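The two complexes that follow have chain A in common; it is paired with chain B in the first and with chain C in the second.
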Partner chain A sequence: MALANLKQTATEARLSELTLPVGGCLAEARRAALSRVQTMGLPGRRDEYWKYTRPDTLTQAIAPTAAVFQHDEAPIFDEFDCLKIVFVDGVFDAEASDDLQLEGVQIDRLSDIESQDIHWSKDLYGVLEARGQDPVPRPLAALNTAFAKDGVVIRVTGKPSKPINLIYNHQSESSDAMLHHVIRIDAGAEVTVLENGPAAARFNKCSEIDIADGGALHMICAQGRDHERRAATHLFARLGEKSVFKCFTLTVNGVLTRNEAVVELLGDDAVVHIAGACVGDGDFHHDDTVFITHVAENCESRQVFKKVLRNGATGVFQGKILVKSTAQKTDGYQISQALMLDDDSQFLAKPELEIYADDVACSHGTTSGAIDEEALFYLQSRGVPRRDATNLLTLAFLAEAVSEIGNQDIVDTIVCRLENWLIRRL
Partner chain B sequence: MAALDQTQVKEGIDQETVDAVREVGGAYKHGWATDIEMEYAPKGLTTDIVRLISQKNEEPQWMLDWRLQAYDRWLTKEEPSWAMVDYPEIDFQDQYYYARPKSMEVKPKSLDEVDPKLLETYKKLGIPLKEQMILAGVEGAENAPAEGRKVAVDAVFDSVSLGTTFKAELAEAGVIFCSISEAIREHPELVKKYLGTVVPVSDNFYATLNSAVFSDGSFVYVPPGVRCPMELSTYFRINAENTGQFERTLIIADKGSYVSYLEGCTAPARDIAQLHAAVVEIIIEEDAEVKYSTVQNWYPGDENGKGGIYNFVTKRADCRGDRAKIMWTQVETGSAVTWKYPSCILRGDDSQGEFYSIAITNNYQQADTGTKMVHLGKNTKSRIVSKGISAGHAQNTYRGLVSMHPKAKNARNYTQCDSLLIGNKCGAHTVPYIEVKNNSARVEHEATTSKVDDDQLFYCRSRGMDEEAAVALVVNGFCKDVLQALPMEFAMEAQQLVAISLEGSVG
Partner chain C sequence: MLNIKNLHVKLEDEDKQILKGVNLTVEAGKVHAIMGPNGSGKSTLSYVLSGKGGYEVTDGSASLDGQDLLELEAEERATAGLFLAFQYPVEIPGVGNMTFLRTAVNAQRKARGEDPMSAADFLKEVRKTAKSLKIDAEMLKRPVNVGFSGGEKKRNEILQMAMLSPKMCILDETDSGLDVDAMKLVAEGVNALRDGKRGFLVITHYQRLLDHIKPDVVHIMANGRIIKTGGPELALEVENNGYAGILAEVE
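This part shows the complex of A and B:
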């Protein structure tokens, strides 16, 4: 009883700092989302789903401050020709952004469609998020649906000539940002979306993704290297027949990150790959929480997560494959691995399978351990100094997850960055 | 041609599986009841009932105080709801907490004085209560050539222990094997020292309930350096209606000792579900080893999910000394609901824990079972092999924890949990928790879910085996890792059970 009260008080405190945008075509979805938040309450420490990650700094009314990371590196995806959309501390920056015109894509700013009465995204906004609340509540996503004032809605009708790059800059120490994106891939359409940057001191992002039959979406995200930033991101995806969704997230630094992916395979022969690599040093807590539901037949899902941890860093993985009785011939795979470079770090995992169909092949694996001494010895015997050998093996460990990205140029860029960071830092 | 054959196998497979196992198996074999005059405590749970149980067992005051304290704690606790099992709310006041055959009112001095009707019950179950060299738990074994192995049996019938065989011979070796009620009276110093030290009174809702109302169970003490001269076993039988069985087992393996303990259980087929909440505590000192094997065959309910035993069990072994070793092996085929996680606390350096499990659910059975391996000491090792088979409308969940504490340097764990589904109305789930807090610890977890493998079947058939034999072989092969870990007597029974419990799994 006391606990429920505590939760309610915390939820009310958070809500009291926010104002619900009124009017427009999204108003109803926002009200419904608010009511979901009020019913569920914001996450608390005793919630099973938050067993390994303390949600308090993500839910408290005022965001903890975070210093802006100073570095002289170019943004990670700068070398690629992209359509750039820039947000600064969670607010769209028209000047820094490219013109939102690109053949095969229709892009609108969320705050612009808010004032319209009719927009295609109305049928998706908050809809996929609401679907993703069962069986596990994700109140931070509902909070986002209710209160996020900015973001983009992207409708892909063809195969645009270049990727869309969402850039999240962090400038204010005390920024508390919420962004909500809706991405709809029409039948047979295909696009690559790149995301990078820390976004804010505290960042709450929710992406709703609807991929129609035969559509394809490739998402690659690099979460920025600010040490003190906090982020809770949600991704809700719904896949049609023969559609493809591939998503990779790179996280280096950040005091707290919780990335949730909730994917439903509704059309036969759909494919989803969710991958992630993270490098944590010191005060670093990284949580990947994935929930994949197989509804249709003959679909493939693949989860590959690699974590490198040192100096007391914590890595969390909670992955679930749910195979409904209709999803015969499912091919489900999940692997989560941690490489712990010293004795102070932690790896906490809960890889789950829940299966109701009999003709399926599902497997999951989890491993955790120190760097392979024999491999180190081998490299040293070949004249590689121990420190370089450690970096090399660490990189090789991470590269397995990075190579889940289909585009080799992007793989090379990320591996090159990781190499720089590891060698400079280790 | 070969391809065509293969396709036919694929289409026919589930039906064939069922047919094959139906051939081997039958319905639940132990569903009959013993007609005997019983003495009950009044229904419901109050401090008076706790006092009554204590008084019936002629317990000293300290034991009663312990129970009453547990009862107070129980009142403040809530029933856990996290397991993937779904059953109607249990009315804890609508149960009998104590039932004993009238003939047991005056304690028989030996098994010879026990009511023949009761002895007949165990004979019918195939449990030898005579001190003779026969295999336990296997029907028809009386006619089989004796292996020269002895098994001492403690027979628990509803709330009381009827007696224990081979007591004298065990005493000669220094081994104490008796009912827990007797141990409380005869060996209070041992019970006081160890009871509740592995599973604390307030550990969980059901363990707390058990601490308040446990009526009987077995007690084992193996002194330092003694290798127990025979296998010990307890056979639990629930007979009375609306009666819960709450047994408590306490096993202490002192320094350098060894004991193998077997546990079996059955109950009559009744329409109303019955409650079973047991606690097993095992203490293993330096260099000692305990093997604990269970064949759980409580009444699973009928094919529509009516009746059956609700089995809520807390089992835990504490490897206190260095190089202590525990091996849990379980074959779970019975019970309507199973909630059971035999666990290992690996406290001593170089201690080892092993957990081998087969859980088979059919019809409307639900099993949520697994283990906890808590690595506290250096160089501790654990191994988990779990096989879940789900058929009919059943739900089968593996739930486990592997925890590597910061001081558990060079600890190792290997976990493998595989699930097999027969039919598409059942479910197989895996919920492992892995917590690693030092980098020299190595953890490996693997899980797979599949159906009976067509290629394996095809291979067996191409070697001239008929389909029924092939399916039986594949299913038994799936369970092989676990069956091999069982003592021989149990392995035979378990193999039969594997077939029987899948009976009627489709259609």
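This part shows the complex of A and C:
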């Protein structure tokens, strides 16, 4: 089917600014991805899946500029002992990065494997993204597969002694970055990946994650503090038997964020938790779009999203649990909640359940509301000033999402950042 | 200590007068009880004194040790030494009971220009007080009042009262929903805080609590006013004859 004129023009305009990296083992995947983009066209305002979030600044040929935000908080995961991999405006910074050597993992730079003829990641690159295009197209991810020049491919074969920290620094106010990561967790292997930073004025990130039987991946991502930056991220994960994938994202500020997670539970007894906490005010627009497909039996999926919105901020949640007829004994849970700190903000939520198996337990809920005045008065009546009481209740509201993180030290760090955000707005 | 004069209160959003000229003075070290039928305005009085929103004072005054209460924010009233044990303690999901207590204690200390209590001192103090109220460690860890039984909630109020050591305590139907044993426990907790200086205003629907917390003065409230004041014998009269007799007598 031919694309609508407008969409075709917009897509062509965007593609005209990009050049396809040629040759190497990923060439075919890139060409296929480009053809997907051409067939689907880039997202437009009319698209149902983009009803609540305007895609134009994410798709336009030249990225809108975004000031680099100066602040004196140390990078969030600095205090943890990690293997650090640094990107500046979407380009790998070897100098600032650690040696990519760590027992139990094999890490390569995407641009390095590009020149090789064979590499294990060839079987995954663009493959999981392509699977994730059905039933809902995600053209920005295909665009990423086609054109991203940098990123890392990580193969986890054991249980490395420390987390891998991907750091995304933003230095140029006109940077337009694309990163593509592939993470493969071998059977029984386990790793923690921490990501932080705003990355660029405009950031398009695509992560393809393949977790074999009994493997485990813990991901915690903090998207920096820049106010004007824009980001569209995609995460495609495929889970084997008894595998575990837990992902938490912290978003503080940012004029536009669209985080999509697409997860397929293909092996029995697998567990996936996708959680997010975001706080923003003014022109802050934050969109969590999640699609979880239960294929195998007795799997558990949890989606926990909390948004604190102030002074005209917008929160979006589109979350779906699809339970195929084969996925008996599915345990699916989804909650999305917004706390409005004033009357100007809005929360747009579209929770969906689509169930074809009969023996399942699925629940979803979405709420939005103001601070509980009764609780506020209760705290005040004990001597806690109204502002402090408001902050305490706001953190309590976010707690369910933050507590999805298994590691208490990281929980404390995240809570501290959220607290600082609240205090700065007193 | 607590001085309420001609207090008139209406609902902010509605043309409904609830308190119609309350006069009451609680002296330091004394226990005053307020009894009265449901809907007479007892809880409203306690809320207005502690600074809850939604009410409008149309006339009269209320002061604590000479300080005008009605001018202060709720938290300032607490810091000034006023404490309300709620008729319906509020549940706060996501905030641990212990965090709640420590935040409150240290907020009041800060407002008074004192250093925060050390974690160790605080823990010691809480444990000791909690034990006397039969509040176990588990209850201290749980979110504030969430999943607490009626009795647990009321004991938790007394624990907060003990930790904050206010000079004027208002207890709003702390006995309601409690069995005899739980009521005794709560009464003991309150009696332990009677030190000859602290003032108490005990609001109750029934006389039975007053068997355990002996009042010096008993007031009967009806239709937004204190209609009769007397000694402990007044509570017994209510117990035996109900409110009807007193109401009829006043009219």
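In the analysis below, the second predicted complex is superposed on the first by the 423 of 426 C-alpha atoms of A that agree within 3 Å, B and C clash if a C-alpha of one lies under 4 Å from a C-alpha of the other, contacts with A are read in each partner's own complex, and residues count from 1 in each chain.
Everything below uses one rule, namely that a residue touches a chain if its C-beta (ideal position, glycine included) is under 8 Å from a C-beta of that chain, and two chains touch if they have at least 3 such contacts.
Small disclaimer: the values here were computed from a predicted structure and weren't measured.
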item	value
Touched partner set for A:A13, first chain B, second chain C, both or neither	neither
Partner chain(s) touched by A:Y378 [first = chain B, second = chain C, both, neither]	second
Partner chain in contact with A:V411 - chain B first, chain C second, else both or neither	neither
Superposed model, chain A: greater residue contact from chain B or chain C	B
Touched partner set for A:A187, first chain B, second chain C, both or neither	neither
Which of chain B and chain C A:R386 touches, first, second, both or neither	second
Touching partner for A:A32 - first (chain B), second (chain C), both, neither	neither
Partner chain(s) touched by A:A396 [first = chain B, second = chain C, both, neither]	second
Touched partner set for A:Q328, first chain B, second chain C, both or neither	first
Touching residues (chain side chain B, partner chain A) in the complex	14, 82, 406, 419, 421-451
Touching residues on chain A, where the partner in the complex is chain C	372-375, 377-386, 388-389, 392-393, 395-397, 399-400
Complex contacts: residues of chain C adjacent to chain A	50-53, 73-75, 77-79, 83-84, 86, 89-95, 99-100, 103-104, 107-108, 111, 143, 160, 164
Contacting residues of chain A [partner chain B, same complex]	48, 325, 328, 338, 340-343, 345-370
